[in-house]
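After this come two complexes, each holding subunit A, first together with subunit B and then together with subunit C.
After this line comes the complex of A and B, so read on.
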């Protein structure tokens, strides 16, 4: 236990120091946003064993809501991000309510189709800017006090929110609710026979996951200053699955590691190999499913237990 | 000229016919998905990628080897089907007995590999495949001039779909297949080579997707992402129809194509999403799908 505490402390110090050692802050913020996205996704896949193929809808639609409120209505950053998260939660309530009517692969196909629905809405709705998306979103001033234009200030804000989300998910998983959710994951029939209304538990997991994915998307658009169609695209849903799977589903740190790897890969590898990135991501997917299904952190934990 | 709700009847009939063409592709693809899923329990996310490969095989065969359309209709599905057998033997085989979600994830990775590579090699812009000479003209249906080629697509896919249904439901080979779906170890104990059967089924399902790709190549632009967009709609079709039934997947494919065509007349903005909306409605009213059993 003490070793874990020291580990967390070191990681925390590292995260605080990173912008001062020459790493590009915007890259770090993007990484944190995707790590948050993957953690939110892992709550659903890792602890609820529900494979959603449409999570980009929550991430991307929240990004649109935030960017639209800021550019068209001059809403402050805090209210805009919270609204994005709220809309994602609402969307999650509808999608979750539909998708949990089926299980397993059908669940995956339903979320995929609903995600594509949101994509088409974003493509054609009047407020999303069509193919161009919404550009030039100013970061503004947080609650009228803290100007966010400086990348370092923004980085520490994103870091603080990320840590809060990470701890929140830990808390949820360790709560009585989390235990029931994992019981449903292990054996649905048994959970029903124990008297749990499993649909309520699954729906809540879906809504939480959607809301946090929305928070990540909103923050990401605030960091980068734009919301585009690629945020709601199916490929983004695929990426978040890969991040979670590669790092380790059902582990707390796995999604963070996975997100760091995938985002870095896209950032640095694209200079080396150009357009082959998609194919390489596909190869990693296949390798991951065939040879280390527990993901990096999951396999390491299994090694340590041996 | 007669009208319905202020829309001229010929326009409605015209869009319905075009909807039927799309519906033929939905039917061919969802049929292959249903056959693969029925026997292997694998949701083949790479189905769209194999459809794309079929179209590319036809296009490249014509450009580099001078293989004509009719030959491509035979060779492309065979080649892609063979590739499918390899995929099953080398990759999918290792996932049997695991959570079916892994099959979905593996084939999703495969789709990314195929699409990413095609995109990188052939670029983002599409190329078109010339309509074969014998099918160049159009027939006068009095309410519209139907291009002969589109009529051929509808005819060919309906014939292929129902022959597949016939093979599975009415022949000895089909009976063996259905037996493998019910109880594979027992069938193997009777001396049937089940692993071979499974590999050939995957190859066959994938070949149907490639055939759809060849049929589509003269009416759509052949590019790396043509299959991806289609397969998402087909998944929705499968959720609506329920994957348990072969006939169900054919019928729902055709009917949803018709509905999509009708939406293009009434409210064009919604034509992209109408299938997804219907899926949501079906989930509320009849969660197991129209022809499904759960």
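After this line comes the complex of A and C, so read on.
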């Protein structure tokens, strides 16, 4: 327990120092946004045991909402990000409300279909800029006080939000609600026989996960200054599953490690090998599922318990 | 259909009228009329495939009947949702042991107690807010002799203890009617005795309807016995009466010896 606390403290200090040791802040922010996305996804998959194939819809659509509010309506960054998150939560209520009526593969297929639907809307709707997406989104000034143009300032804001989300998810899992969710994950029939309307608890997990995924997407678009179709497409849904599995589902820190690994590989390998990066990540994914199914952090935790 | 007279509602906590369930032409439960007297231990017996578990699943609405009616405390519950029935006091156990394997023993019981707090959707509160339930949870664990295992994960308990934990969890719901599906199945001898004693103790304040294969247990604790065969009730009454029924002797008691030896479900 204490070792974990020290570990987190060291990581926190490292995160504070990173922009000063030559790492590109925009890369770090992208990494943090995807780590947030993976943590949100893990809340659903790891703690609720629901496999969604359409989570890019929340991430990407929130990015569009935020970018559109800023470019077309000159909304401030805080309100634009919050709106993106709220719209994602609303979308999650609809997706979740439909999908939780089914389990396993059928659940996954419904989320996949709805995810594709949102992609199509983003491609065709008049406000999304079609193939081009929304470009040139200014970061603006946070609450009229803090200009976000500097990458370092923006980095610390993203870091603070990431830490808040990370702690929030820990709290959710360890809350009275989290205990019920865990019981449902372990034995649905028994949870019903104890009087729990399990679908309502699952729906809440879905909405929370969608809202946090939206927050990650909104922030990501604010960092990069654009929202594009790649945020909302199927491969992004696949990537977040990969990040979560690679790092370790149902662990708190696993998705962060998974996201760091995948984003770093994409960043550095794409310069070296171009399009082959997708194939390399695919091979890593297969190796992970075949030989260390608990993911990196999951396997480490299992080793320590032994 | 005319409402049951008031005295009958007082007397019988649960009643089924013409309850029927078919699976693709195969009639698993056929036109079953059953009345469970308040405060009794009522055993449902019958050879394998007689429809006992299906009947249980109908009662707790894990399955939807094709015909007939279920009355609980005089109210029609035929179309109620399963979680709602649990909240109204009908709590079931399962044939396979039903615990939450990776939760601790204490947490298992607490999940059942937690539902009565208003905080089951509170995702922002710390888990320490559940500590108010610990005293009651420990009391229940002491009742089933699990006090020393509070922080063991349920998956690590031996089988008999798991069933005891399941019983403690069920009792935590303070059910009016407890439905036990083969509570002693697959247990070693001393565990059977322990669980039998527990059921008798639990039944002091409530009604128990149980499916049971072990005739020794049935003979020892059941007040009323109903025998099912091929989905139909063939006899119902006190153990002594039912045991003398020629139809029952032919259909079931003939194999009672096998059941005593612990035949699987």
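The working rule: the second predicted complex is superposed on the first by the 306 of 306 C-alpha atoms of A that agree within 3 Å, B and C clash if a C-alpha of one lies under 4 Å from a C-alpha of the other, contacts with A are read in each partner's own complex, and residues count from 1 in each chain.
One rule holds in what follows: a contact is a pair of C-beta atoms (placed from the backbone, for glycine too) under 8 Å apart; a residue touches a chain by one contact, two chains touch by 3 or more.
Given the structure is predicted, the values throughout are model-derived calculations rather than measurements.
Here subunit B and subunit C are compared by how many residues of subunit A each touches, and B touches more.
Once the two complexes are laid over each other on the shared chain, residue contacts for A:204 go to subunit C alone; subunit B is not touched.
When the two structures are aligned on the shared chain, A:104 is found in touch with subunit B, with no touch to subunit C. Contacts of A:183 after superposition on the shared chain: subunit C is touched, whereas subunit B is not.
Of the two partner chains placed by the overlay, only subunit B lies in contact with A:241; subunit C stays clear of it. Taken together, the two structures place no residue of subunit A in contact with subunit B in one case and with subunit C in the other. Against subunit A, the residues of subunit C that register as touching in their complex are 60, 62, 81-84, 86-87, 91-94, 98-103, 107, 110-112, 114-115, 117, 119-127, 129-130, 169, 173.
By the touch rule above, subunit B contacts subunit A in their complex via residues 43, 91, 94-95, 98-102, 104-106, 108-117, 119-120, 228, 232-233, 235-236, 238-239, 269, 272-273, 275-277, 279-280, 283-284, 287. Per the touch definition, subunit A reaches subunit B in the complex via residues 51, 98, 101-102, 104-106, 108-110, 112-114, 116-117, 120-121, 124, 234, 238, 241, 245, 274-286, 288-290, 293.
Of all the residues in subunit A, the ones that touch subunit C in their complex are 171-172, 174-180, 182-183, 186-187, 189-198, 200-201, 204, 208.
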